[in-house]
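Here is the structure we will look at, set down as C-alpha cells.
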Amino acid sequence: MNKQSMTDTIVSAKAARGLTWEAIAKDIDVSPVWLASACLGMNSAPAAIAKKVTDHLSLDDDVTAALVAFPTKVWDQAVPTDPLIYRLYEVVGVYGDTLKEVIQEKFGDGIMSAIDFSMEVDKIEDPKGDRVLLTLNGKFLPYKTW
Amino acid sequence: MNKQSMTDTIVSAKAARGLTWEAIAKDIDVSPVWLASACLGMNSAPAAIAKKVTDHLSLDDDVTAALVAFPTKVWDQAVPTDPLIYRLYEVVGVYGDTLKEVIQEKFGDGIMSAIDFSMEVDKIEDPKGDRVLLTLNGKFLPYKTW
Amino acid sequence: MNKQSMTDTIVSAKAARGLTWEAIAKDIDVSPVWLASACLGMNSAPAAIAKKVTDHLSLDDDVTAALVAFPTKVWDQAVPTDPLIYRLYEVVGVYGDTLKEVIQEKFGDGIMSAIDFSMEVDKIEDPKGDRVLLTLNGKFLPYKTW
Amino acid sequence: MNKQSMTDTIVSAKAARGLTWEAIAKDIDVSPVWLASACLGMNSAPAAIAKKVTDHLSLDDDVTAALVAFPTKVWDQAVPTDPLIYRLYEVVGVYGDTLKEVIQEKFGDGIMSAIDFSMEVDKIEDPKGDRVLLTLNGKFLPYKTW
Amino acid sequence: MNKQSMTDTIVSAKAARGLTWEAIAKDIDVSPVWLASACLGMNSAPAAIAKKVTDHLSLDDDVTAALVAFPTKVWDQAVPTDPLIYRLYEVVGVYGDTLKEVIQEKFGDGIMSAIDFSMEVDKIEDPKGDRVLLTLNGKFLPYKTW
Amino acid sequence: MNKQSMTDTIVSAKAARGLTWEAIAKDIDVSPVWLASACLGMNSAPAAIAKKVTDHLSLDDDVTAALVAFPTKVWDQAVPTDPLIYRLYEVVGVYGDTLKEVIQEKFGDGIMSAIDFSMEVDKIEDPKGDRVLLTLNGKFLPYKTW
Amino acid sequence: MNKQSMTDTIVSAKAARGLTWEAIAKDIDVSPVWLASACLGMNSAPAAIAKKVTDHLSLDDDVTAALVAFPTKVWDQAVPTDPLIYRLYEVVGVYGDTLKEVIQEKFGDGIMSAIDFSMEVDKIEDPKGDRVLLTLNGKFLPYKTW
Amino acid sequence: MNKQSMTDTIVSAKAARGLTWEAIAKDIDVSPVWLASACLGMNSAPAAIAKKVTDHLSLDDDVTAALVAFPTKVWDQAVPTDPLIYRLYEVVGVYGDTLKEVIQEKFGDGIMSAIDFSMEVDKIEDPKGDRVLLTLNGKFLPYKTW
Amino acid sequence: MNKQSMTDTIVSAKAARGLTWEAIAKDIDVSPVWLASACLGMNSAPAAIAKKVTDHLSLDDDVTAALVAFPTKVWDQAVPTDPLIYRLYEVVGVYGDTLKEVIQEKFGDGIMSAIDFSMEVDKIEDPKGDRVLLTLNGKFLPYKTW
Amino acid sequence: MNKQSMTDTIVSAKAARGLTWEAIAKDIDVSPVWLASACLGMNSAPAAIAKKVTDHLSLDDDVTAALVAFPTKVWDQAVPTDPLIYRLYEVVGVYGDTLKEVIQEKFGDGIMSAIDFSMEVDKIEDPKGDRVLLTLNGKFLPYKTW
C-alpha cells in the first residue's frame, strides 16, 4: 500500500468515525500536527505509534506498514495556490531576510533545522476575532569550519 | 531616499555603533522582528517610531521619511536558496497540507492572516544544542458566503 | 465524493434541467457568483445552503457533503490562457501598481482582503455594445506594528 | 524622457506638493485610477490632459511629451509578490472559472475587454472595518464566426 | 460529450470519409480556418452551423451539442515545440515590437482584437517553391481615457 | 555602435523630424514593417539600403554600419505582456493547431518559413471601427526523407 | 492508431526479431537516423517507404497509416535530463554563439534549416576509445529584405 | 581583464583589420570553430596559442592572459531565441531520442562526450541553395558498473 | 516490461524477503549504490549481473531483460523537494563554484565525469551523532584544443 | 565591503602572488575547499582565521571583516550550465533516489546535513586518466516524532 492510498484510507475512516486529529492525537499521546503529517504521508511513524493509530481506527496491517515506511517528500507547487498555505509562503517571502538577521544575531551563523523540528497549532480566543498561534521549534545548527 | 538606500544607511549605522536589533527594539519598545522588517524595507513604520529609530542612530530626516513610506514587497526567488530561509520554505512545503488540516479542524474554513500578524524569535538554551523558537500569531479570517 | 465529481454532477444536472446559476441563486437567496464558485469547488457551502442546492437539483447527500467540505484551492496555470480569464490577469498586471497607489492613498498601508470578500457581475445594456460590470468588495486590512 | 523618468519626476513633484491622485484627478476632471495609471506609465494621456497634469505640477514639456507617448506595458512578475497585488491575482485564480461561467451565462461566448475598459476604487466606511470597492467596467466582445 | 471526445469523433469521421476542412467548409459556407478551430474545440459554433457540420459527417446530436458549447481555451506549451507552430511564435518574438510600432503609427494607441477577429490561409503557387499566405483581420480597439 | 544605441539614435532622429516609418519606407522603396524591424535591430540591412536610411535621417556612418551588422535576435518574455503583442501570442496559442491542420492539408507535411518571409500591415477603414489587416507571406518548406 | 501506439508496436516487433535500425534501414534503402525518427513518431514516412517498413516487420496497415500521418512534434523537457541528450543540448549552449559567428561569416546573415535537413551517425574506431561522428546537413536560408 | 572585455577587444580588433575567424585560424593552425569559441570566452587557450592570437591582432598581454584563463560556461536562455541557434536546439528536441537509439545501438549504453569533443563547419555549394555541414566528433564514454 | 514495473517488482520482492541492497550487493559482488541505481532504473546491468539479481530474488526473465535494457534517465524536479535529496542539491549550489576552483587548480581546465564514475556510501559511527560519508570518484576529462 | 568585492580582492591578490588555495590552506591549517568557499563568499570565517588569510595576502582589515560577515547564500541558476558544475547536478538527478535508498537503509529515516558538513577533493593519479575523488562528510540527522 502506497502513502497515497494510506492517506485516503485513514482520512475516510477518520471521517466515518467523526474523529478529529486532535482527539486521536490525545488518545495516543502525540502532537496533532505530527499525527496529521504522518497520516498525510509526510513523516514515517515508529511501529508502536503506527499500530496505535490503526488500532484506533480499526484499520489493517498494511496501513500500519505504510505509516512506518519512509516517505519521499514531494510537493508540486513551487508557489502554493491555496490561500491558507500561500499566506505561510508569503510570510517566508516577506520575513525571510528579517528572520535571518534576528536568528543569526541571537545564535551566530547557522540555521534552524527543519528535521530536528516540531510545530504546534493553538487557538487564542479573542472577541475581535480568534487568532492562530503557530509555534515552530527547531534545533540551531551552526556552520562549521574544516 | 528609496527603501534600499534606507536599509544600507541603517545597517551601516547600526554596525558602526555595534548595536543589535534586540537592543534598539528594547529601547524604542517594539519587537525586534518587526523592527528589522521595517529597517529591511518590508514594513512601513508609524512616524513616531520611525523618528525614534533614526534619533537612536543619529540619522537624517530622509531616512525617517523612507521608514514611513509604504513599501512594495518584492522577493526575487520563488524558491529561496539561502539555507536558513530555504528550511522555512521546506516547512511550508512539507507541512502546508498538515497545517491546513489542523487549523481548519480547529477554526473552520478560512485562513491565518499574514497582515493582521506578528512573529517572535526566541532562544531556548539546551545542553544538546540550543533551539530556535519561532512564534507566528495571525488573526483567523473565515471565508464568507454572500 | 471529491470536489471534481461533485462539480461534474452538479453541472450535468443543471444542464439537464436547463437551469442557470442566476435562477438557482435567486431561488436559494445567495449570489450567483458565490453559488457558482461553491459548485465549481472553490468555496465550501454552509450545510443549510448545500442542502437547498442539492434539493433544487434533486441530487444525493454525498453531493451535499461534498459542497460542505473545505476545498483546497488549486489552479494550474500561473498565467491563464483562456482569453476571458487572461484579460482579468492582464488587468492585474497593467493596473496592479496603480491600484496599490490609489487604495493605499485612501486607506493607508494595508491590503484588500480576498477572504472577507464578495464579488458581483452585472450587465449594462448599451446600444454601442453591452458592458460587463464586475464589483469586488473586500475588507481593508491594515498592516500592524508590534 | 522615458516613462520611468517621467514617473519619478511626477511622483516626486506630487509628494513635494503634498498632493493626492484624487485631488489632481478632481481638478483636471479624470478618474484617479486612470490618472495614476498614466503617471505610472501604463497608459498614454491625450495631449490636452497631459498638459493639464504637468501644468498642475509645474513640470516641463518633456514630461508632457512622455505622458502622451504610447507605452509598452511590461510587468516582470508572472505571479506578483506584493500582498495587495497578490490578493487580486488570487481572486483571478480562485474565481476565474466562476466569472467565465457567470459572464458567459449572461452574455454568450465572448470576453470582457481590458482595453475598452475603466475601473474605480471606492471606500465604504464600516464600523467593523472599512471596505474597498473595486468596480471594473469593460465592453463585452462576442466571438465571431467567419 | 466533452470537447476532446468531440474532436476525436469529428476527425475520425472526416478521415473515414476522405474529406478536407476546405471541402466541408465550402459546403456549409464558412471559412476552413474557423471550421477547423471549432472542430478542434477552440471556438463554439452557432447551433445552425453545428447542425450542418454533424449532418455532413452523419454524427449524433451530442456532437452537435459539444460544438455549440462555449470552450475554455487552454494550451500547455508557453513556447510551442512543433516547428510549424514555433515559427509563428518566432514571428511574434522577432516582429512583436515592430508590429506595435507600425500598427500604432497607423491607428494610434490601442490593439488589434483577437476576439473580433478572422484569419485565412492561402496558397500562392511559385516555381521557386509555393508560399503560404496568412491573413489576420482584427478590429482595432483604441485605449480609452476615463 | 551596438544595435541598441543604433535604435535609440534612429528613433530620436525620426521623432525630431516628425517622420513615420511609412514615409521613410516609401522614400527608400522598402516595406515599412521591414524597415522598422531593421531599425529596431531585428534584421540586418543591405549596405545600399542602410545608407539610404541614414542619409534620409542625416545620421553618421557608424549608424549605417550598425544597420548592416547581423543581429542576434533576442526577446526576454517567453509570454509577452504588452496587450498588442500578447494578442498575437494568443492567436498562436488558440489557432496554432488549427493552422497546422489547414496548412498541412493544403501543402503536405512541412512548415511556413519565418526566414524566407515577409509581412505587411494595412488599415481597413470601417464605420463600425477600423480593422487591422496583417498579411504574413512565408515560403512553404516540405520535410524531406533521407 | 496514434503515433505512440505505432512506436510501441514497431519497437516491440523490432526487438522480437532481433533487428537493428541499421539493418532495416539498409534493406529499405533509407538512413537509419531518418528511419528511427519516423518510427519514434517525429517524421512522417512517404506511403511507399511506410509499406516497406511494415512489410519488413510483418505489421498491419494501421501501422502503415500511422507512419504516413503528419506528426505534431512535442518534447516535454525544455532542458533534457538524459545524459546523452543533455550533452547535445550543452553543445548548443556552449557553442551556439560560436556557430552563429562561423556560419554567418561563411554564408552571410541567415540560418541552417532544420527542415530541409538530414543527419548521420558514424562510428570511428580508435584504440584510445571509439568516437561518435554526427553529421548535420541543412540548407542555408538567407534572410530577405522586402 | 575578464572574458567579456577580452571578447569585446578581440572582436573589435578583428573587425578593424577586416579579418575572419577562418583566416586567423589558418594562420595559427587551429580550427576556426575552436578559435571563435575561445575568443568568445567559452574555451581556454593554451598559452602558446593565446600568444599567437594576440600577436596576430597586436593585442596586449592581458588579453593573452584572459584567453588562457579557465572560463565558467554560462548561457542565459534555456530555450535560445535567435533563429540560427534555436534551429540547433530544435534538432536536439526533435532528434534527441532518435540519436540515443542509433548511437546506443552502435556503441552500447553510454554517451558522446561534449568535453573530448571537436566540431567543424563546412559549406557545400549547391545550385539549389548552399548547404551548411556541421560535423560533431566526440569520444564515446560507456557507463561503467561498480 | 518497462523500467517502472521492473522497479516495482524488485522492490516488492526485496521487501517480502526482508533483504537490503547491501546484502544483495555483497552476495553478487557489486556496490550497493550501483545495484540500487540499476534496480531503480537509472543504470543498465550487464546480462550476467542482471541474472544474478533476479536469481537472488527468484524473479522472471522479463525482469532480467528489463535490468539489461538501456535506460532513459529522467527526473521531473529541476529542484528536488525531498529533504535528503535537496541537501545534495544545496551542496551543488553552495559549493559548485568552490569545487570548480579547487578541481581545476589541481587538474587544469576540464570536468569530473559523471559517466566514468562510481560512488559509495559509508557510515561513520560517532557518539555525537553518526555521520554519512559519500565518496564520488570520477575520471578527470580535460578540455581539448582542435 | 561586500562579499563580491571581497572575493574580487582576494582572487586578484592570490593571482598576483601566484598562490593556490591548497598552499594558503596548508599555511593556515584549514581545508582548501573550505578556504575557497569562504573566499568566494559562501561561508563566514572565524575572526582568527580571517586575519590569517588577509595577513597571508597582505590585505586590509575591511577584507578581514568581510570574511567574518555571515553570508546570504544565493545561486542564480536552478540548473547550472557550467559543465563541471552540471555534472554534479546530474549526479544528484541520476543518483538522488538511489542515495536516499542506501542512506536510509543504513541509518533510518533522516537526512545527511549540509550544515554540519565538510568536503574534500583529492587527485588519484592513474595512467588511464587521473581521477577526481570528492568526499562529502555530513552528520546524519534523524527525523523526530513529537
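Chains: A, B, C, D, E, F, G, H, I and J, in written order; residue numbering restarts at 1 for each.
Simple rule for what comes next: a contact is a pair of C-beta atoms (placed from the backbone, for glycine too) under 8 Å apart; a residue touches a chain by one contact, two chains touch by 3 or more.
It should be emphasised that the depicted structure is a prediction, and the values quoted were computed from it without experimental measurement.
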Where chain B and chain F overlap in contact partners, by chain label: C, D
Same-residue or different-residue interface between chain F and chain G, half as cut-off: same
Repeated interface matching A-J, over half of the contact pairs identical, chosen among F-H, E-G or F-G: F-G
Centroid-based (C-alpha) most distant chain relative to chain E: J
Chain centre separation in whole Å, for chain C relative to chain A (CA means): 30
Inter-centroid spacing, chain G versus chain A (mean Cα positions, whole Å): 49
Where chain B and chain G are represented by their mean Cα positions, the distance between them in whole Å: 55
Contacts with 2+ other chains: residues of chain H: 33, 72-73, 75, 78-79, 81-83, 90, 93-94, 97, 100, 104, 110-111, 113-117, 141
Chain-chain contacts as defined at top: A-B, A-C, A-D, A-I, A-J, B-C, B-D, B-I, B-J, C-D, C-E, C-F, D-E, D-F, E-F, E-G, E-H, F-G, F-H, G-H, G-I, G-J, H-I, H-J, I-J
Chain I contact footprint on chain B (complex, rising order): 79, 81, 83, 86, 90, 93-94
Sites on chain D touched by chain C in the complex: 20-22, 32-33, 36-37, 40, 42, 73, 75, 78-80, 82-85, 87-107, 110-114, 116-117, 119, 121, 123-124, 126, 129-141
Touching residues (chain side chain A, partner chain J) in the complex: 30-31, 33-34, 43-46, 49, 70, 72, 97, 100, 104, 108-111, 113, 115-118, 141-146
Touching residues on chain F, where the partner in the complex is chain D: 77, 79, 81-83
Chain F residues touching chain H - in the complex, by the definition given at the top: 72-75, 78, 114-115
